[in-house]
Every structure is written in structure tokens, then in C-alpha cells.
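First chain A sits with chain B, and in the next complex the same chain sits with chain C.
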Partner chain A sequence: MTFVRILCAAGLLGAALGAGLCLGSEPLSPGDLVAALGGDDVFARLLRDWRLPRVLAAGLIGALLGVSGTMFQGVFRNPLAEPFLLGSAPGAALGATVAILLPLPLPPLVALPAFAFCGAFGATLLVLGLARALGVREIAGLLLAGVAVSAFLAATRSFLMLSLSDETIGLQVVLSWTMGGVQTPFWSELAGFAALAAVGLALAFGCAHGLDLLGLGEDAAVNMGLDLRRFTLGVLTLASALVALAVTWGGTIGFIGLIVPYLARLWGGARHSISMPLAAMIGAATMMLLDGVARAALPPAEIPVGLLTALLGAPFFLVILAKWSRR
Partner chain B sequence: MSEDIASLEGIAAHLGGRTVLDDVRLAVRRGELLAVVGPNGAGKSTLLKVLAGVTPPLRGSVTLAGEGHRDRAAWARTVAYLPQAFAPYWRLTVRELVALGRRRGGPLYGFASPSPAGFDPIAALGLEPFAERVVQDLSGGERARAALAWALAGGTPLLAADEPIAALDPAQQIRSLELLRNLRDRVASVVVLHDLNLALRYADRIAVIAEGRCIACAPPDELVVGDILDRVFGLCFARVSWNSGTLLAPLPSSGTTGL
Partner chain C sequence: MISRRAVISGGIASVLGAVAPWPARASGWPRRIVDALGREVEIPRRPERIVPVFSSNTEIVAALGAADRIVGIDGLTHWPPEIADRPAIGNRLGFSADRIARLGADLVILTPARHAASLLLRPLATIGVPAVVMTHATVSEVLGNIVRIGAIIDAEPAAGALVRDLRRRLDGVATRRSGRSPMRTYFETGANARGQSFSVRPGGYTDDMLRLAGGVSVFPELSGLTQVGGEAVARAEPEIVVVAGGPREAAMIRARPGWDTIPAVARGRVITVPRGLFLIPGPRIAEGVELLARALHPSAFPEAA
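Here is the complex of A and B:
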């Protein structure tokens, strides 16, 4: 049964890849797509060197956000925990903004993810620290602390954008982080992105059993051998790294980390060893499709994909909130 | 091989700045069912948490037989702890919950399979009809049995269960305690019970906890003769002889403990 589910998710992923390649300001039929992929004209080269890496990057971003959302939800034992709402993604966006706007002695491909990670991890710790200092124990309070920290980080980012951007550093570049927009990598960049994502996802999948144990309650998890503090810190660090990597290439794309883990659990059950790989595949498929829609809806302009995920995610959040409140 | 599977020496523990255990000494023997009784707030749950390695004691030590180093893995291999009101957060089926229990003591990272089952707690606890159902969708009694199955699945030599039968109907309470008695050769049990008559009937020994101390630990027939239980609970128990045993029937009293 598990194998069938994984196989179905892989099929969905393949279909989303095809749909993502077909969608765009120049839509293609499946037949045209096959012909173009095998061709050697300008259009075929554009498809292979522009649209294909873009679609694959969108898929990686979706997988990273889906898995990081599953990790946050596993650690906090709550389906409402999400990188965007917990401040992690806005923190990463602030870090990326700093890396773009400040002259740093580091190549952009190093500075961006490094600063994004520091922002994501720092924001997560800040939210947790604030919640603890305020004596907040419920997830609702944690999310409210996340909302406050996110608003502060967004304001700081806006201030930096207004005060530091000039003719040499386009405001447009930073705005894409603000609204969520998938960047189009060169193949060499995509290879590096994919390698980092693969390592991060493999490490995340390795935490599945610990997350299962945490779902039994802290006392039971400790009795089963889990070092609660170390494991929680490790998972939050890793999840922040995944968010940072996703934000580096896609900006602040909200709600994928909320919707996708929910769907993965609904489909694959509660065990993280199943739900995490499913979340990676569903997240990848969702982002490839939404990014395609973002490119195709208002040609030649692009809708920031973060707007689409927010349009879908906000009602979804309310549905999960309603279900959670009835528990 | 030591007769004791675990022993607690001079255990002191605090909870929220309050002393909940003070100089507790208690040994759990191999192959016994040890009932822990006492009034609410006496420190029974904390005692079990210390025994299970969940709460580190402020003072004193816990010795686990056969485990030179008391690291987390040693505790996981030796003592299965079933918390009070145990409830998995995510929607696991009974079979998935038991499979998680089978991985006790194994690697915490990666995709290791559950260890092969030598004993099937699903069958032993009559959970086959519910095995594929989600634990949260079961009745309170069925959920309690599923939790017990999870705790027993790891094959530890010691089970520390905090009120595991509180949500069960009388028939299931008796069935569960009979199961623990029948499994004594495989797993010794330390079980917090509020029903003194069940403790007298099924336990090999009863530890009486009051005001953070273990004030007695003796076989039921020795314990029932004295007035310790009356003093601890602030009640006068009538002793009723029945079927070569004794039943305790509480009589009205002032309601204050006589310690």
C-alpha cells in the first residue's frame, strides 16, 4: 500500500513536471512539448535552458517547503505550525535581503543561503524564546508570537530596501523575495541547489522516527531514548536550513509548508517515514504547477507565485484551524 | 543474575519547586507485579518517571540490572514507561503504534525496521478487531489497551505503567491485570493503581507512597493486616474475607490522613 502511494505520488510529480513545462507565456500542448524537447531550434533551447531549470527549481522549492513544514509540525505536534507563520521564512527573506543589499566579501551563491539560514534560524529561535519568556505554551500563542516577529522582520526588510537599494541594486530583485517568485537558475546553479537540497532532504528523512516518537508525547519519547533538547534543536536547525534554501531560490512563499504536510498525512498516514517523502513529492508537484500558472495567467507578466499560494493557503489554514479547534 | 531488575536508592525529586519525592528506596524484583498505591499528589507518577529515566532525580540513584551505563538507550531497553493518559498526537493506527513500540531501543535515526515480534501484544490484548483503526477513533477503554500494547511491544524486562487501567471497564481491568500477571516471567511490572482491591488481588507486592515517601512495600496479605492503608488514605477500611482473600470496603471517616 505504501509502495502504491509513493508510486502514485511519483506519477503526480511526473504529470506536474509535464504541466509545468507546458505552461508559460507561450503555452505548449504535450505533443509540442515532446517535439520541442527533442529539437534544436531557438525555442527548444529556450525550453531546455530556461523553462526546464525554472520548473525543476520550483519543484525543489516545493519539496523543501513541504518537508520543512512537516518537520515544524512534527516538532510542535500541531498541523498549524508552518515556516511562514513561525517567522522562519520571513527571517530567511530578511537574511537574503541583507545579503543582496550589503556589499559582502562573499560570492552571492554562498552569501544568500548563508544569510537566509541565519535569518530563518534566528527568527525561529526568537519566536520560541519570546513564547517561552511570555509563558506561552499553546501553539496559538506561539503562532501569534510568530506573527509579531514576522511583522517586525518584514518592516525591517522594507526599511533596508528603501534605505539601501540604489541604481546598481534593483529594488525588483529584492521585491521578488518579498512576494515570492521562483528564480531561474543556470544549469550549474541548479546542480548546486539540487545537491544541497538532496543532502538536506536525506537528513530530514532520517529524523522521521524521532518525529514519530515526539508524536507520542515528550515523556514517552524520552523513555524511548530520544534526547529531547538535542533532537528538537537539530530538527529546527535542519528545517531552518531547508527553508533558507527554498527562500534563496523562491522568496517568501507561504502556506506550502502548511498545505502539503496536511495532504501528505491525509494520503499517507501519520508515520513520518511515509509522510515526509510524500510531502516532498506533493510539494514539488504543487509548486511546479503553481509556478506554471503564475507564468501563464497574465502573459507576458508573471504573477508572484507567493500570491497564488497565499490565495490557496489562507482558506486552507482556516479549515485546518477549524478542525484543530474541534479536537 | 541479580534478583532486582531495578532499584531506587535515596531518591529525591522536585516538581515546580515542591518536594514530591524524598529519600525513596524501592527495589523491583524480576518477575513480579508491583502495585504502587497512595493518595493523589503522593508522588506516584513522579516515582514512575524517575524509574523510567524520564525525570532525573535531584538526589539518589537508579540502578538497572544488566546495564552498566544508564544512558538513554539503556533505559529504553530496560524500562517501558506508559504515561498517565497516554495519547498519540497524530492519527496512528493501533498496528502502527505497536510497530513504533517494537523499535524501542533501536536506532533513532534512519529507516530501521521494527524488530521481529516475539510476543504479539495486539493478539494478547484482544486488539485484532481494531488493529487497523486509528487510535484516536477508539473508545477510552480500547485506547488504553492500545497504549498498553505499545508499551509491551518493545520487549523490555520492566514495565512502569501509570494508571493503565483507569479508563477500562471492570472486565477489561481484570483482563489487563491478569495479562500482566501472566507475563511476569517476561516482564516485571510496576503499576500505579487506585483500586486497592485489584492491587490486593493481583499484585505480588504493594508499595505505599504517601507525602513523597515509600512508607511500606510488602505482599498484600501482610499489608492488609495492619492499618497503614487506613492511615494513608484517612479512611477506615472494613476487611471482608472472601474466597481466601480480603476485600477492603471504605467506611466514612474524618477524611484526614493519619500520617
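Here is the complex of A and C:
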């Protein structure tokens, strides 16, 4: 049964990859795509060396956001927990802004993920710390703390953008991070991105058993030998790292970390050893498809994919909220 | 301190200074050129499918007799009429390397405005479509761009003839109005519905055109921000107000609160010039200079009256 689900998800992934390749300012039919890929003209080169790496990058971003969302929801045992709402994505965006705008003695490919991670992790700890200091126990309170911290971080980022960007590329690059748009990597950059993502996802899948125990309740988990404090901190660190990696190549793309884990649980059940790989595959397929739509919706321009995910995700969030509050 | 007059006449001399014949007359293919960003670009063979991005580049390519080789344009380009129906590869929201590739372009000529360079250069380099970046800080550089584009699209004779003609016309205007003192001008390049108005940027090609036509901006010290208010215009005491636009823009000037106290406005010394002639750094600049010179110094052009 599990095998069938994984197989179906893999099929979905392949279909999304094909759709992502077909979508553009002038969509191709699958037949056209196959014919065009084999050619040696400019358009064939565009498909192979520009669109394909972009679609794959979108897929990796979706997988990272889906899995990190699953981890956040597992730790907080709540379907409303999401990297975007708990401060980690806005924190990563602030870190990325600092890395882009301040002159640093580090190459951008190191500085960007490192600062994004510091921002993501710092913001998550800040939200949790504030919630604890204020005596908040309910998830609603945690989300509200996240709202406050996110607003603060966004204001800080806007101030940095206004005061540090010059007339050159700075502001535009930072804006594309803010609105969420998949960057197109060169093949060599994609290889580095994919290697980091693979390590991160493998480590994340290693947390599956602990998350299952936590799902039984904190007391039960402790009784079964889980070091609650260490495990929670480890999972949040790792989830922040995944978010930071996703933000480095895609900017702040909201709600994927909310929708995808929900669908993965709906389809694969509560066991994280199944729901996490499913979340990775569903997340990848969703992002490849949505990024394609973002490229094809308003030709010849493209719209930031973060706007699409928010348009779809915000109503979805409300649906989950309604279900959860009727519990 | 250098007098304003000395600065002005020096500026005109530099405007009409020699246009560097760059690159040195190329004949065979491939041709290598260094563009305005200092990038070395190789053009493997004579371009047959050209995508000029922005009106200025499109107008230059068309004026060199290569309109039939233009396969795509920017969505905001409407001149000359025979290219207006070409597919658009970009608009206010951005530009599409995807569509440029679909058109099978073999040369893209662009300008670093509206992020065209940051959006297009990386994908075009990846897929191997040569892209040449033009800038147009001055009238002299615009004339140089005609020579450069002529060289890369294999239209050197047409480019040489066009530049000679434009320079002859600009020299002709200078001769006709020589001896007359420059008209102190408030040149408004744009305004918006929120009541903000913008003056010509000193040292830019539009400012060059104003000086070639026998005018001088009343805001020679602006840099960066070019927004000016009614009080500043009143204090600067322009002899004439020139608005890039049509009757609607001229009416907007008169309707602004307080602007009727500006002597030039009160005396009806408000004229309009077509935006396409003054805000597109292409082959129509000489037409713009001739038009504006006749308006600023009508007595120098008796036959036009």
C-alpha cells in the first residue's frame, strides 16, 4: 500500500516535471516538447539549459518547504504550524537581505544560505522564546507571536532595503526575494543546491520516528525514551536549515509548508516515515506546477510565484482553521 | 567660477564632438564588439532575426533599413508603424527570454532600463543569443549608438549616411540661432496625477537637445531626483515652459494651483513638444531639436512662421 502511494507520488512528480517544462510564455504541447528538446536551435537550448534547471530548482524548493512544514507541524502537533507563519521564512528573508545588501567578505553562494539560516533559526527561537516567556500554551498564541515577530522582521527588512539599496541591482533582487520567485541556477549551482537539499532531506527523514513518538503526546514520548528538549531543538534547527535553503533559491514562498504536509497526511496517514517522503514529492510537484503557471499566466512577463502560493494558500489556511476549531 | 554661458557653449561643443567610429569598420563575420557594459559580445553571422528592446533601439534598427529583420519588440514600442504589429517580448511587468528564444532571435539589442539587462543577459548568455547593451547618456552617445548598431547589423553605409544627415541638421540649427542668448526654460519631462512634476535631467540627452535648440534648463544643478515643485519653478523665473506631451499636459500645467502666478505661464508661454521626439534617444532627435528651436527662437526661422 505504501509502495503504491510512493509510486503514485512519483508519477505525479514526473507529470509535474513535464508540465513545468511545457509551461512558458507560449505553452507547448507534450509532443512539441519532445520534438523541441531534441533540436539544436536556440529554443532547444532554452528548454535544456534554462527552463529545465529552473523547473528542477522549483521542485527542490517545494520538497524542502513541504518537509520543513511537516517537521514544524510534527513538533507543534498542529496542522496550522507553518514556516511562513512562525517567523522562520521572514527571518530567512531578512538574513538574505543583509547578505545581499551589506558588503561581506564571503562569496554570495555561502553568505546567502548562511545568513538566511541564521535569520530563519533566530526568528523561530525568538517566536518560541516570546511565546514561552508570555506563558502562551495554545497554538493560536504561538501563531500570534509569529505574526508580531514577522511584522517586526518585515519592517526591519524594508528599512534595510530603503537605506542600503542603490540604483543598481540591489533593490530588485531583494524585492524578488520578498515576493517569492524561483531563481534559475546554472547547472553547477543546481548541483550544489541539490546536494545540500539531499543531505537536509535525508537528515529530516531520520527524524520521522521521533516525530511519530511526539505525536503520541509529550508524556508518552518522554516515557518511550525521547529526549524532548534536545529532539525539539534538533528538529527546529534542521527545519530552519531547510527553509533557509529554500529561501536562498526561491525567496519567501508562503503556504507551501502548510498545504503540502496537510495533503501528505491526508493521503499517507500520520506516520512520518511515509508522510515526509510524500510531502517532499507533493511539495516538489506543486512548486514545479505553480512556477510554470507563474511563467505562463501573464505572458510575456512572469508573476512572482509567492503571490500565487499566497492566493491559493490563504483560503486553504482558513479551511484548515475552520476544521481545527470545530474539533 | 565659470560663467553659465561658458558652460553652455562648452556643452554644445562636446555634444557635437566627434563620434568615435566604433568598432573600426568591421567587414567579415564573426564580429566582436565591446558593449556599453564593457562586455565583449561575439556576433557569429549577419543578424537576420533581430529583437531590439525599447523604442530607441527599435527606431535605430528600422531607420537603418532593417525593419524587415525585426522579429520582436518591447510591448511599449509603437514607432515606426511598420513594426508595431511585431510580437512583444516584454511589457511593464518584465521581459521574456522564453519568447525571444521562441522567435529564434539571433541578436538582441537592449538598454539597461526597467531591469531588462538584469532579467535578460543571464538567460540569453546561457542559450547563446548575442545581446548587446546600449546606453544613451548624451546626444553624442546616441549618434554613436547608430554607428555601433550599423556595424553589428551589417548596415554601416546606412548608419554613416544617417549620422551625417543628423549632424548636418543639428549644425544647421546651431548656425541659424547663433548669436541669440539661450532661452531660460523649464522643461517638464513628466508629471503624474498626484501633482508631482519632473524637470529634464541635467547632462542627459534631452538636456543636450534643449541646449542644441537654443534653450537652457532653469534647473542645471539637479541630480538624482528630478522632481520639482511649483515654488521652485516660480523662483527660477523661466522665460518659457516646455512640456513633453500634448494639449492635456499643457492644460495640466495651467490648472495647477498657484502656477498661474509664474510669469511665463501667465503670459501663455507654455508650449508642448511630442514625447516621442524628446524622450526616445533614437534617430528622431534632430527632428525634435529643429521643432524646439523654431518654438524658442521663431525669428531665426522666418520661413517657418
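The rule is short, and it goes like this: the second predicted complex is superposed on the first by the 325 of 327 C-alpha atoms of A that agree within 3 Å, B and C clash if a C-alpha of one lies under 4 Å from a C-alpha of the other, contacts with A are read in each partner's own complex, and residues count from 1 in each chain.
Here is the rule we go by: a contact is a pair of C-beta atoms (placed from the backbone, for glycine too) under 8 Å apart; a residue touches a chain by one contact, two chains touch by 3 or more.
Keep in mind that this is a model prediction, so the values were computed, not measured.
**Student:** Following superposition onto chain A, is the placement of chain B relative to chain C best described as a clash or a fit?
**Tutor:** fit
**Student:** Return first, second, both or neither, reflecting whether A:Ala208 touches chain B, chain C, both chains, or no partner chain.
**Tutor:** first
**Student:** Is A:Thr184 contacted by the first partner chain B, the second partner chain C, both or neither?
**Tutor:** After superposing on A, A:Thr184 lies in contact with chain C but is clear of chain B.
**Student:** Output check: A:Ser273 vs chain B and chain C. Expected answer is one of first, second, both, neither. What do you get?
**Tutor:** first
**Student:** Could you look at A:Arg51 and tell me whether it touches chain B, chain C, both or neither (first, second, both, neither)?
**Tutor:** A:Arg51 sits against chain C, while chain B stays out of touch.
**Student:** So, does A:Leu289 touch the first partner chain B, the second partner chain C, both, or neither?
**Tutor:** It touches nothing on chain B or chain C.
**Student:** Touch test for A:Leu216: chain B only (first), chain C only (second), both, or neither?
**Tutor:** So A:Leu216 only meets chain B here.
**Student:** Applying the document's definition of touch, where does A:Ser25 land relative to chain B and chain C: first, second, both, or neither?
**Tutor:** The answer is second: A:Ser25 touches chain C but not chain B.
**Student:** Just to be sure I read the superposition right, which of the two partners does A:Ala81 touch: chain B = first, chain C = second, or both, or neither?
**Tutor:** neither
**Student:** Return first, second, both or neither, reflecting whether A:Leu308 touches chain B, chain C, both chains, or no partner chain.
**Tutor:** The answer is neither, since A:Leu308 touches no partner chain.
**Student:** What's the minimum Cα gap, in whole angstrom, linking chain B and chain C in the superposed view?
**Tutor:** The answer for the closest chain B-chain C C-alpha pair is 41 Å.
**Student:** Based on the A-chain superposition described above, do chain B and chain C contact any of the same residues on chain A, and if so which?
**Tutor:** After superposing on chain A, no chain A residue contacts both chain B and chain C.
**Student:** Please give the residue numbers of chain B that touch chain A in the complex, ascending.
**Tutor:** Residues 49, 52-54, 72-73, 75-76, 79-83, 86-93, 96, 100, 103-105, 107-112, 150 of chain B touch chain A in their complex.
**Student:** In their shared complex, at which residues does chain C touch chain A?
**Tutor:** Listed in rising order, the residues are 75, 88-99, 101-102, 104-106, 115, 118, 122-123, 126-129.
**Student:** Given the complex with chain B, which residues does chain A contribute to the contact?
**Tutor:** Going by the criterion above, the answer is residues 77, 205-210, 212-213, 215-217, 219-220, 222-227, 231, 265, 269-271, 273.
**Student:** Which residues of chain A touch chain C in the complex?
**Tutor:** Going by the criterion above, the answer is residues 24-26, 41-43, 45-46, 49-51, 169, 172-173, 184, 186, 295, 298-303.
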